[in-house]
Amino acid sequence: MVVLELNEVTMRFGGLTAVNRVNLLLNENEILGLIGPNGAGKTTIFNMITGIYTPSAGKILFQGKEINGLKSYLLTRKGIARTFQNIRLFGELTVLDNVKIGGHVRSKGNLFGALTRLPAMAEERRIAEKARSFLAFMGLAAKEQELARNLSYGEQRRLEIARAMASDPTLLLLDEPAAGMNPQETMALMEMIRRIRDKGLTILLVEHDMKLVMGICDRVAVLDYGEKIADGTPKEIQSNQRVIAAYLGEAG
Amino acid sequence: MSKKRLSALISIGLVVVLALGALLPMAAFAAGELKIGFLGALSGNVAIYGTQSLKGMKLAVEEINAAGGVLGKKLVIVEEDDRGDKTEVANIMQKYATQDKVFAVVGDPTTGATKVAAPIAQQNKIILISPGSTAPGVVEIGDYIFRDTLLDSVGAPAIAKYAIQTKKWKRFALITSINNDFSVGLSKLFEAGIKKYGGQVVIKESVSDGDTDFSAQITKIKAAKPDAIVFSAYYTEGALIMKEAQKQGLKVPMVGGDGLTAPPYIEIGGKAVEGSIFYNGFSPEQPTANTRKFLDAFAKKYNGEVAELFAAQGYDAVKIIAAALKKAGTTDPKAFRDAVAATKEFPGASGTITFLSNREPLKSPVYLLTVKNGEFGLLAKVPVKE
Amino acid sequence: MINAYYLQVLTIMGINVIMALGLNLITGVTGQLSLGHAAFMSIGAYAAAILTLNYGAPFWLALLFGALVAAFFGVLLGFPTLRLSGDYLAIATMGFGEITRVILLNLDIAGRALGISGIPHSSNFSTVWILAVLSIVTMVFVGNSRLGRAFLAIREDEIAAEAMGVNSTYYKIQAFALGSFFAGLGGGLYAHYITYLNPSDFGFMKSIEILNMVVLGGMGSIPGTILGAGVLTAVPEVLRAVREYRMLFYGGLLVFMMIFKPNGLLGGVHFSTIRNWLIRIFKGSAGSPAGGSRGGTGAGEDAKTRVQEG
Amino acid sequence: MFLQQLINGVTLGSTYALIALGYTMVYGIILLINFAHGEIYMVGSFIALILVVSYKVNIVAAFFAAMLGCMILGVLMERIAYRPLRHKNSNRLSALISAIGVSIFLSNLVLMLRGPQTTRFPDVIEYQFYSIGPAQISNLQILIIVISAALMLGLQYIVMRTKVGKAMRATSMDMQTAYLMGINVNRIVAITFAIGSSLGAAAGVLVGIYFNAVSPLMGTMAGMKAFTAAVLGGIGSIPGAMLGGVLLGVAEVLGVAYLSSSYRDAIAFGILIIILLIKPSGILGQRALKKV
């Protein structure tokens, strides 16, 4: 089953075309890697899928329904969760609270609930329990009372993932999850991403670390100057002449 | 110890120190003193009136004490700055009543603050004399509440009559300052007065205290072709309005109340305010013997400063209190109150003052003044009867 | 020892606590700087006073009515303006405050510049503090709920909050409505304590005064806000010098706090934190497992767990 | 009468524009609403007043002295109240609150030193009137309009054509990158405050001359109105400040002329809120995409 489909999606900023008629398919329970040189349009695609930008043209379909221009909180309700390239945690809140907020769309409670404590208590316990399970899953259980801003860089990256998972998404978008991690941390992260997939999630990954991309992705799509230049298994991509040219071109 | 806990401890310490400070006795109570509380703003936007009243009060207390005090005791003024803030007024009044145990309060010069303080004074049976409030609804608060101002309900018709019958002006533009309670109240009286004597209000405009641009209003007023501009608020805006009229070539005089009769009106307005007419209960330029005496003493005490209306009224309030105390022979609230209420034809610096049975002041005469050659000049003295 | 004067200062302190808690919810918890809190206070005060004076309504009904009207205006202002962010919102709320003042100056039912006088003196120490305690409890409950976490998430990072499914506009309006409700409640109590209302008492400076309470105590912290309201009500009464230079002091305080202690005296301190310190003090600090290596919150939670186990 | 009201409005609007230029400049570079700008304007007015009245200084000299004085004040203010915050990387609300603090401090300092009363600004320029059909305009009104326009053009030139201006624009786009490119960001921000504050002082002196009145409380309301003007025109845009100022002045005057003078201030702030809602970027402003 197709979870996400990009159909001729284009994004222009003034005179600049950042993304040009990109097509992309993401199947259920698949890990798709999105790579490309800097400025190729990866993050723009990310921001379109998550509702920060509305595409100038083309369609984005999630589970067969068009989601162009939907606000990001609605997308989260539908089952799309994300992490951020430049970490955006709730720094002054505890690790546990961060994950609890991640579960916002999967829990109930309003002003009335907050004031009449009793029914809310049970719900609160359920929220906390769930949040703790995600923390444990990401190996952060011991840190639950720390303030998020006090975590190490790698821990913050993992907390972002835990927080995103708390919204019970169908599709998880990871924006450079390994940035700033050391090789050991990256290895551990790869393992975690695999385990997330094993839980039944579909994952779209933007990443520069080729070892990680080639190591865990089922499929890889390559962008250059806003256009998709290749799409295939890691093996196919590694031997694709256009891809090599694009990367070498950048290096040279 | 974490930084957080340290700052929490500091906070708790702060609270404890504050609490202790508040519980310490405020001032040693000297047996030979009678305390009068001063209410008014010494800082903030309305500080002019408070500062003036306090100066007048201090002069009065000095004179009384020099003459041996009252009932063998010296008078002392307890002063706090209420900044015109109503919460402050309430707190200070309550403090005077409970901590300082004053037997009388002079203040506040503004109506609004007086309305906040008066119920507390009434409840504690403390005489309160406001040296400035003129709007209705003040003395009605209780039988311990008085004021020694010239009531607008006397002055406004008098000046309207003069403008219409003597000056033969018929068409008036009425300007109100909408954020000034004195002005809003006075405008109604002006309107009624103008109507009563056969004049006509051809246009009504609003300004706010603190405005400096009146160009749009003056352009409108000019088109309405009035004989005079009636302005019910204070001298600063009054003078600036006349300046603007002068710039736009609108050559009509201003008619107003005692809010305009202060030296800055002429200072700011210059030639533009020539020919303005207004009423006042107090005229430094045409003083009676009592006023002369007060003005000289005031100038001597405050480096040659010319006393303004609020200073004279603050001075009179203290003098009225002292006289009543002497007459009552006791500080017993009931007897003292009755003595204040019985004040009749008191020869004050701001005019002759009688308290009517409803505790409203009757001040006579009312002076009608004008601006001539850059100075205030007397037009007429209008005696006022009950 | 408690005479009428202390009682009055404490009562006004209680009113300030209620209003400051309202602003803390908007500015401290949700991170939306409001410079028009006094306007909501005035709306509550006038609505309540008009109800008791002109319609003879019972005091408690007038209070509730005033608070609800204020909340209604909070929503009204919220709907359009909350799409604005940061300083634009602050300026819009300031504009709203000025507009409210001008409208009150033009309303006959509000007595124009003459204001409303003779309001029954119905507020007293106990009503004010019962309501203050109720407000504190409400704030604590809200703070520990899904609603409160949504507010906090918006303050911390609006884009991330939206990405977590928090409809930020909806929650910001709720924060404004709730915060304005408490401003209105405080206003109603104020009206029935001071017994006289005038539009000039609810200007920009009043908003700043309330903001100062929150900033001094610690934005987002309930105990901090209470402390801030308490200190700024008491200090001018005790220190004469502070009373005279008050506005100067307020201005300087804002700058000073922002530079040296932007989180206020008790920033990040919650009732649970204080409870944990107390537990620690009474149980002795021996055998503390956390060793205080991290912030107070972490260490405190350990203590709490121990108590629950024990 | 309409023409006369239009002239009234344009003159009033020019005074707003003069103050608005300082707001827009500072906001354009460091995204801070310099709340204290209205107070700078007030202080400028007082400096000129004191020089002219007490020291019998020539008005032109007093004008420049006021600009210099406020330039120093502006730089000091930035150094004490804003720079520490910028270096701490604290959020923008902190900077705004700090700015409000400076504003309250300055206005109350002058209030304590001078008292609340309005002081007369002497007539330093002889009035002359020129007729335009049924309306008339004074030499002073022309002077204010001309000086506002000249200062706007001068400022536009500095920002667009000079090296310092280029550095300012770079700083406004991305402070971090500008710093990495070797621009002394602190110096550029200080220069911005210096220019902005001296413009505020110029406005203060001109308005003092025009309305003949100076008071410690004049800064707050004028500042709020001028800020509204800056937002109306598109904050950050220099021609926008001019346009916004004039439009606001005309709207206010026409509001008094044809609606009601008692709602005057509500009209100005009503416009502010409506603009913020309909086009937060203002008439000439550009809308920036938020970065994620």
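Labels A, B, C and D are assigned to the chains in the order they are written; within every chain, residues are numbered from 1.
Here is the rule we go by: contacts are C-beta pairs under 8 Å (C-beta built on N, C-alpha and C of every residue); 3 or more make two chains touch, one makes a residue touch a chain.
Fair warning: this is a prediction, and the values are worked out from it, not measured in the lab.
Asker: Name whichever of C-D and B-D has more C-beta pairs touching across its two chains.
Answerer: Looking at contacts between chains, C-D has the larger number.
Asker: Using CA atoms only, can you tell me which chain is the most central one in this structure?
Answerer: C
Asker: Computing the C-alpha centre of each chain, which chain sits at the greatest distance from chain A?
Answerer: B
Asker: Report, in whole Å, the distance between the mean C-alpha point of chain A and the mean C-alpha point of chain B.
Answerer: 70
Asker: From the C-alpha centre of chain B to that of chain D, how far is it in Å?
Answerer: From the centre of chain B to the centre of chain D is 36 Å.
Asker: Rounded to a whole Å, what is the gap between the Cα centroids of chain C and chain D?
Answerer: A distance of 32 Å separates the two centres.
Asker: What whole-Å value do you get for the distance between chain A and chain D if each is reduced to the mean of its CA atoms?
Answerer: Using C-alpha averages as centres, the distance is 46 Å.
Asker: Using the touch definition from the top, which residues of chain D touch two or more other chains?
Answerer: Only 111-112, 262, 264-265, 290, 292 qualify.
Asker: Listing for chain A: what residues touch at least two other chains?
Answerer: 52, 84, in rising order.
Asker: Do you know which chain B residues sit against two or more other chains?
Answerer: Each of 43-44, 178 in chain B touches at least two other chains.
Asker: Chain C touches which residues of chain B in the complex?
Answerer: 2, 4-5, 7-8, 10-11, 14-15, 18-19, 21-23, 42-44, 80-81, 83-88, 90-91, 94-95, 97-99, 111-112, 115-116, 119, 135, 137, 141, 177-181, 183-185
Asker: Residue numbers of chain A touching chain C in their complex, please.
Answerer: My answer: residues 50-52, 71-73, 76-77, 81-82, 84, 88-94, 97, 100-102, 104-105, 107-111, 113-115, 117, 120, 123-124, 127, 145-147, 150, 163-164, 167.
Asker: So in the complex, which bits of chain C are touching chain B?
Answerer: Interface residues on the chain C side: 1, 3-6, 8-9, 12, 105-106, 112-115, 117-118, 121, 190, 193-196, 198-201, 227, 230-231, 234-240, 243-244, 246-247, 261, 265-269, 273-274, 277, 292, 295-296, 299.
Asker: Taking the complex as given, what residues does chain C use to touch chain D?
Answerer: Result: residues 31, 33, 35, 80-81, 83-84, 86-88, 90-92, 94-96, 98-99, 102-103, 105-106, 159, 204-205, 208, 211, 215, 245, 247-248, 250-259, 262 of chain C touch chain D.
Asker: Which stretch or stretches of chain B touch chain D in the complex?
Answerer: 43-48, 51, 178, 205-208, 210, 212-213, 215-217, 219-220, 223, 236, 239-240, 243, 247-249, 264, 267-268, 270
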